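Next come two complexes built around chain A: one with chain B, the other with chain C.
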Partner chain A sequence: MNQILLAVVGTIFLAIFAIAFGLILSGIDRRIVARMQARVGPPLLQPFTDVQKLLAKQSIIPANAIPCLFNTMPIVALASAITILLYLPFGSFAPVLGEFGDVILILYLLTIPSLALIIGGFASGSPYATIGAQREMVSMIAYELPLTIAVIAIVWRLMIAGIHEPFSILTLMQNPVWSVVGPLGIIALFILLVMMAWVLPGELSKIPFDSPEAETELAGGILVEYSGRNLGLFMLSQAVKMVAISTFGIILLLPWNLSQFFGISGIIAWITDTIIFALKVLFVMTVSVTIIRTTMARFRITQIVGLYWLVLGGLGAIAMILMMVDAFFCEMI
Partner chain B sequence: MIGTLATGFGFWNPLMWIIVIVVAIFFSWLLWKLGETNYEGNIWQTAPYLSGNDEPEKEAIHIRAGNMYWGFTKALSVYYDHLIPLHSGIVSDYISWFLIGVVVLFMVVILV
Partner chain C sequence: MKLTTSFNRSLWVFHFNSGSCNGCDIEIVASLTPRYDPERFGVKLVGSPRHADVLLVTGPVTNQMVDRLQRIYAQMPEPKIVMVVGTCAQSGGVFSTSYNLAGPVDQIISVDVYVPGCAPRPEAIIQGVVTAIAKFERLHGSAKQ
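Here is the complex of A and B:
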């Protein structure tokens, strides 16, 4: 009963935290992009004002739309993005539902907000939205391959190193994979780091992977018919997903906390680790979203598939082979 | 806790996820309800956005299921160009490919 109560309270608390943190991240992202383009940029809290304004505007339902799906999908997208947070640790705080789901579950949960967006796009009854939804579907299939390779390679290496329950998020949190690999494994992990850095903007449909929205050719594509509170909720789900996917990447490849190094404990450790966690999320977002979207142009959908399946898929295969060779030599020693 | 499914490698508890998703949907619905509800249906605003152009016939703009994965099939066209001709529609061809596949699989399993 206590666990259920904890899950209910944790859901509401994490939802508020992730929405606030995600919107602030979005504000920082827009600010940095503006500065890189020699503009002043919007205020840091502009995303909050945007959502507030969207909630105050009419939500038009197109004549061709399927209203029940059209209205439900923004709610499903936000709710499913919130549930991912329950399985992820933040700083030195263990996941609320760490004992009730593993990394494979998180991989599945990460697809639900995108699926909700796709269903909402198809339910819009607009040619632009339909093309956008079709592109989002293809894009999702494309980035799932390198993401899954990265997860499996890391978990497999931990398993070979004799670590109990390698699929558990708690295990990944307590046993950084960098500490169990040899020199070849380090090279493999750097390759996986690069792969994850390219998966992140794809998951968030940010430039150069924003072909589902593509303002200049599809006028907003998958979201073209969305307005008012429905669009506001999709914005919030993107903000929450940004926190979730960044945290997932950090747990896989950058899981260290400062309290472990300095032997700090108690409330000071919580505060220190939370600040470091926030800085790590900011770093990940700046490197793989902000800088990439400022310096690159949009990929065509065929280029997105080519990059994820052929280039990053090939790199992933090399990383896995390096991992296997590394594990073989480590076992020999 | 009741309902945790463990495969020996991974694990998850669907009951806990259902509780959490219900709470999250309720929270999201509350936010959605906070939004503006004053909306007049059946006005010109409900026409699909097409950059000011008239809406074509539905059949003319419908994306068929075969084109759903266009970006995917186009990007991997080298692979699909070789694969599609193999689908001759003749059952004996399919059985031959199946047998070849099984032989290759067995060789891999035995050798590795």
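Here is the complex of A and C:
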């Protein structure tokens, strides 16, 4: 009973935190982009204003949409994005549902907000949204491959190193892969880092991977028919997903907490870890979303698949082989 | 209709060309450049009328465009503002005696803000957006009473 109460309170707290943090992140993102284009840019809290305005506007349901799907999908997207966070640790806060989930579950959960978006796009009965939904499906299939390769390579290396329960998130947090592998493994991990940096914008449909939303050709793509409250909910789910996917990347490849190094504990450790965690998320987001999105133009959908499957998939194969050689040497000696 | 003050700081504009010579459209693009940077005030161009708060129409309405203009207007969620840019959109301008015109914009849909000029300067267009914000504020004031 107590545990259920704790989970409920934790979920509510986490939802509020994630929405606020995600919106501030996208505000920072917009501001950095503006600065890189020699503009002043919107105020930091602009995304809050946008969402607040959208919630006050009328929500139109198009005549040839399927109302029940059209209206529930934004809620499903937001709820599933928050669900991912229940399994992820923030700084030194243990995940709310830590005992239950593992990395594979998160890989599956990460697809659900995109699936909700796709179903919503098909349900809005507009040709633009349909094309957008098809493109989103294709790009989902494309970025899954490098993401899965990265996860499998890391977890496999931990398993070979004799670590118990390598799939659990807490194990990944407590045993950074960097301290397990040898020199070849370090090279492999750098390759995986590059791969993850390219998976992130694809997962979030940001430029150059925003062909599902393509404003210039598809007039907003998947979201073309969404207005008012529904559009606001999709924006929120996008913000939460940004927090979730960067946290996941951090857990896989940058899992250090400062408190372990300096041996601090108690409240101070919590505070430092949370700040460091926020800085890490900010760093990951700036490098792999903001900078990539300012410096590049949109890829065609065929180029997206080619990049993810051939280039990043090839890099992933190289990283896997390096990992295997590394494991072979390390365990031999 | 409940209005929040966030309308003043987050105005999304949908640009519709109902038969303009493209001069006005170039000026609109010019007013989005870093020199003027309307995103400072939360103003941005969106790709779908469903997302928009302001419908920005340029050019006189040709016979072909009447139906489209009405449909785009109907597709926008409430509350909405219509803003016309350019002399053509107000009166027909140099095209006023053309054989294929259905008339200026305000004979097809109701218009809130006029920006005259052929083509208006970016400053004038931004002034028009500010006027649109003021109109939202007025609506907000009347909603409070």
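Throughout what follows, the second predicted complex is superposed on the first by the 333 of 333 C-alpha atoms of A that agree within 3 Å, B and C clash if a C-alpha of one lies under 4 Å from a C-alpha of the other, contacts with A are read in each partner's own complex, and residues count from 1 in each chain.
Throughout what follows, contacts are C-beta pairs under 8 Å (C-beta built on N, C-alpha and C of every residue); 3 or more make two chains touch, one makes a residue touch a chain.
All figures in this text were calculated on a predicted structure; none of them were measured in a lab.
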With both structures superposed, pick whichever of chain B and chain C touches the larger number of chain A residues. B
So in the superposed three-chain picture, is A:T11 touching just chain B, just chain C, both, or none of them (first/second/both/neither)? first
Touch check for A:Q37: first (chain B), second (chain C), both, or neither? second
Which of the two partners, first being chain B and second being chain C, lies in contact with A:Q46: first, second, both, or neither? second
Answer with first, second, both or neither: which of chain B and chain C does A:A56 touch in the superposed model? both
Which holds for A:W309: it touches chain B only (first), chain C only (second), both, or neither? first
State whether A:G228 touches chain B only (first), chain C only (second), both chains, or neither. both
Let me test your reading of the model: by the given contact rule, A:V181 touches which partner, first (chain B), second (chain C), both or neither? neither
In chain A, both chain B and chain C touch residues 56-60, 128, 219, 224-225, 228
Under the touch definition given earlier, write down the residues of chain A that touch chain B in their complex. 3-4, 7-8, 11-12, 15, 54-64, 71, 74-76, 78-80, 82-83, 86, 97, 99-105, 124-128, 130-131, 134-135, 137-139, 141-142, 166-168, 219, 224-225, 228-230, 232-233, 236, 300-306, 309-310
Given the complex, residues on chain C that touch chain A span 1-4, 6-7, 9-10, 34, 37, 39-42, 46-48, 50-51, 53, 75, 77-79
Applying the document's contact rule, which stretches of chain B touch chain A when the two form their complex? 1, 4, 9-13, 16-17, 19-21, 23-25, 27-29, 31-32, 34-39, 41-42, 45-51, 56, 61, 63, 67-72, 74-76
Which of the residues in chain A end up touching chain C in this complex? 30, 34, 37-43, 46, 49-50, 52-53, 56-60, 128, 215-216, 218-220, 223-228, 231
